[in-house]
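Two complexes are shown next, each including chain A; its partner changes from chain B in the first to chain C in the second.
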Partner chain A sequence: MIAALRRHLGIYGAIAAVVPKEYLAYNLWFWAEFVVQILAMIIYVYFWRAVYSGVDRLGGLTLDQTLNYILLARILAPAIESRLIFHFGFLIGQGQVAVELTRPLDLQARYYVQELTGLGVFLLLKLPLLAIAIVFFGLRLPADPAVWLAFLASLALGHAALFCFDWMFACLAFYTTETWGLSMVRVGVAQFFSGALVPLAMLPGWLQQAAAALPFAQAMAVPLGLLSGVTPVSQAPGFWLVQLAWLAGLGLAARLVFAVAVRKVTVQGG
Partner chain B sequence: MPVIQVEDLRKVFYIPRKDPGVAGAVRALFRPRFEPKVAVDGITFHVEPGEMVGYIGVNGAGKSTTIKMLTGVLQPSGGVARVLGRDPHRQRVANAREIGVVFGQRTQLWWDLAFIESLNLVSKIYEVPPRRYRELLDRFAETLELGELLHVPIRNMSLGQKMRAELAATLIHEPRVVYLDEPTIGLDLIVKEHIRDFIKEQNRTKGTTVILTTHDLGDIEELCQRVIIIDAGRLIYDGPLSTIKARFGKYREITFETPARADGLHLPPGAEVTEQEARKFTLRFDRTLTTASQVAAAVMDQIDVLDFSLAEPDLAAIIKQIYNGALREAAAPEASA
Partner chain C sequence: MARYLALYRHFLFQRFKILLEYRVNFIIGMASTVIQQSAWLLTIWVVMRQAPALAGWGLSEVMLVYGLVTLAQSLNHMFADNLWIIGWGYVRSGQFDRFLVRPIDPLFHLLADRFCHDGLGHFATGAVLVGAALVQLQIALTPLTALYLAAAVLSGGVIFFALNLITATTAFWIVESIPITQMVFNMHEFAKYPLTIYHQGIRVLLTWIIPYGFASFYPASYLLGRDVGALAWLGPVVAAVLAVISYRVWQFGLKHYAGTGS
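The block that comes next holds the complex of A and B.
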């Protein structure tokens, strides 16, 4: 058992180690992305200041609370920005899936490791952005280690659940070949229903219910609520249970969907 | 015990069928229609350990589909495929550990990483012991001349460099069975030679079983003693290359160089001039009716000859005959006899 665990850690650890190298392969892309994110942060801050002009509270949140939440949402954005669905379309469309299926790896585990490491890399790359937000826009971070632990556990659970959700839709590529349209819809829906654009508390009741019925908020609004102080840390265990339920349900469904979909694989281009 | 067992293997794809025009495209949105396309149609063969088998056929014959079923990528529609005793699709991961695959038109290496980074990762995925990995890396770097490529990203490599890198990555875990799907496609003669020598060495020293699909018959002649020919998804020949050559290579060619143009030659039965130039001509003769020495003697009795050369049967021409139905024609008289 321990030997098997060590074996898997060695294999998937090596896969994880490659991720930062791939992200940093293009210098220009790295710097362009950095500049774009600073600009986006400035736009978001001024947008929300304009929204609050003449208003003290929206959805029960003050301007300071909302700005704190939105600034953190900008930094945490990679948690909902998976490109898995698009990537699967590429794998099937280009026939590269043949190569991926001849590697002695559990494909789902391999992609989960890549996505999780990718999230870690992106969050690290956002540290300068975090510093800018603290210095210039008054972002406040919690001092209590318990809050950070609650946040990290919630982020890990929510991200894993969302990965399984994306995995199921990515598997549609085995049937449709093309997933560009679906991946575009996914980006928009995830931004809105995760609470990355607008705090979910500000949405009308029926939209809040729709957001609760989707897993996007589990990877953004729920961990962010803990980190920004909107949700008291004492409520964290309740949120973790809900996230675990999402993860168990979506995890099982994702395994089943892949087991069926992989039988349908065709390799484009001979 | 065979390394690869294939019994009555079938693969049927369902291809979407759309009527032409915008109306057809719109109709397909609401009532999609699919037509079955049989890519592999009841193929049976066995491959023993250490064999190098050429698996050939025209485009669309079902070669790559068979390879993809044997590598576990595709699920067969019927029949049985076993590699080292395993079902390649159901036991995909276990099967993948023991095999190596080169898809000539795709890469298994990480596009943006230096080659050595890709190779390190492949060795970890296949759990190659570090010491063994270093030994093999040194050996491969020497035989495939990879030294200067180790720190080059795959995206910056030429086709020939990339294929050498692919081969190293495929064989670094010393797989027992290797599938090479058009490994020399688009390569120049020198790189082809390198790659063929390397494959031969792996087979000789490690007893690696090799299945090679290619359109380059030079690969087959250099590497394989046995060929399997498929056409329209069906197996039409499985046997020694030499038998095919003996059976269908009944024509040979002799080229003569002469001081002047030679016309009006009287030739033995079964011989004819196929090419005529000012000071050179080529004769083709049926070796079941006459011999090379009889043809050469007949020519030299009539004209002065500066030089002559005898060409071995051309495999490309033989395979072309087979694709054009020569096997069926040969089988028909036997069946009626």
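The block that comes next holds the complex of A and C.
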């Protein structure tokens, strides 16, 4: 039992260890994302300043609060742009999926380990961007370690819940080949309803309800609300409970959907 | 010229045969771009519902700016999407060598090889936005206005194409050109809003160096009767100059193409 556990930990550890190398192998991609995110920050700062030139508060938020939140959202945004469905499509198209399915370890657990390590590496790589936002765009971060802990716990929970959702969504790749288009739909919907483009407090009631019914905000608006100081840290335990419920529900659903969908797989030799 | 047009028709016909073989995919592909645009539209609507002016521009006026840049981008998306994937799709795999032994221009062959239907969704969104903005702003569509619009969108499309051609040419040296293309292409995000909201330096950049401003802000200003001087008419000239430059860059790159050995 313990030996088996240790063996598993060793395997997943090795998988996790490859992730930083993958990130660092694509130097140019890192710089491209860096430049694109700085551009996005510049645009958003000017945009929101222009918006606030005529009003004091929007959705109860001042300009400083909105900028603080939006700058963080622009930095974190790529972390929730999962294209897992496109990856599934690729595996199925190439027939590679057959190899993946026969490996003696849990496929979903393997991908989760990769995604979680990826999130960690991502956060480390974004530190320079955070510094730029502080120096040039007036981003203010909390000094209280409790806020940081609450943020990290909430991000980890929301990220895990969203991973389960993406796992379920990616199963569509067993039924259609247009996985690039679907991944773009996923990215577009998530951008808006996660609160990466606009603070959710500014949405009209019916859109707020839609955002609450979707899992995207759990990995973006909820943790960033804490980190940006828009929501007080005393509310964090309540958020965690909601996020745990999301995780439990989506985790179960992801298992069931995959078990059914994987039966559709057809590999045509080659 | 006539020969190339006839050839393009053949390529397009074959492409549609492939696309219509998978009808659901065809629809999802088009709808995906519409949904992406909707995220932005919802954002701007949500914000401007409560703060009705952006540096003096109303919602319909901002929609016109956005619609124009979307239309220009859609032309590039439909007819020149292969510039994005030239690196991994053609150079790395050695597919590009195929073009070099055929009796037609390699750039033409690359572009004609894949008409991208996802761009149709962009085109539809842009057309609806521009149409709705014109109606709401009560701008009459006289033959002259229509001509001006067509010239503006075409020039914008050429600007998108030329900038992508320059960055895609780097694939001949570094193979994976997408990050380079992405950095320059993303500058068009600035042109989704009236350039007056930015610092003067950004405006100069978007006018004279990465001239996406001519795809949206300048023609929109002209249609709205906002004075931007001669810049309202300079779009086609800028597009033509940029097209010539980009083709030179492409030819230079082509001369240095050595293949990857795959």
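Methods note: the second predicted complex is superposed on the first by the 258 of 270 C-alpha atoms of A that agree within 3 Å, B and C clash if a C-alpha of one lies under 4 Å from a C-alpha of the other, contacts with A are read in each partner's own complex, and residues count from 1 in each chain.
Quick note on the criterion: a contact is a pair of C-beta atoms (placed from the backbone, for glycine too) under 8 Å apart; a residue touches a chain by one contact, two chains touch by 3 or more.
Remember, predicted model here, so these are calculated numbers, not experimental data.
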Winner by number of chain A residues touched, once chain B and chain C are compared: C
Contacts of A:101 with chain B and chain C, given as first, second, both or neither: first
Partner chain in contact with A:32 - chain B first, chain C second, else both or neither: second
Contacts of A:234 with chain B and chain C, given as first, second, both or neither: neither
Touched partner set for A:40, first chain B, second chain C, both or neither: second
Partner chain in contact with A:18 - chain B first, chain C second, else both or neither: first
Chain A positions touched by chain B in one structure and by chain C in the second: none
Chain A contact footprint on chain B (complex, rising order): 13, 59, 64, 68, 71-75, 92-94, 96-97, 99, 101, 103, 105-108, 110, 112-113, 117, 120-121, 124-127, 153
Residue ranges of chain C touching chain A (in the complex, touch as defined): 22, 24-26, 28-29, 31-33, 35-36, 38-40, 42-43, 46-55, 118, 174, 176, 178-180, 182-183, 186-187, 189-190, 193, 197-199, 202
Residue ranges of chain A touching chain B (in the complex, touch as defined): 7, 10-11, 14-15, 18, 21-22, 25-26, 94-99, 101-106, 262-263, 265-267, 269-270
Sites on chain A touched by chain C in the complex: 28-29, 31-32, 35-36, 39-40, 42-43, 46-47, 49-55, 58-59, 176-178, 180-182, 184-185, 187-189, 191-192, 197-198, 202-204, 207
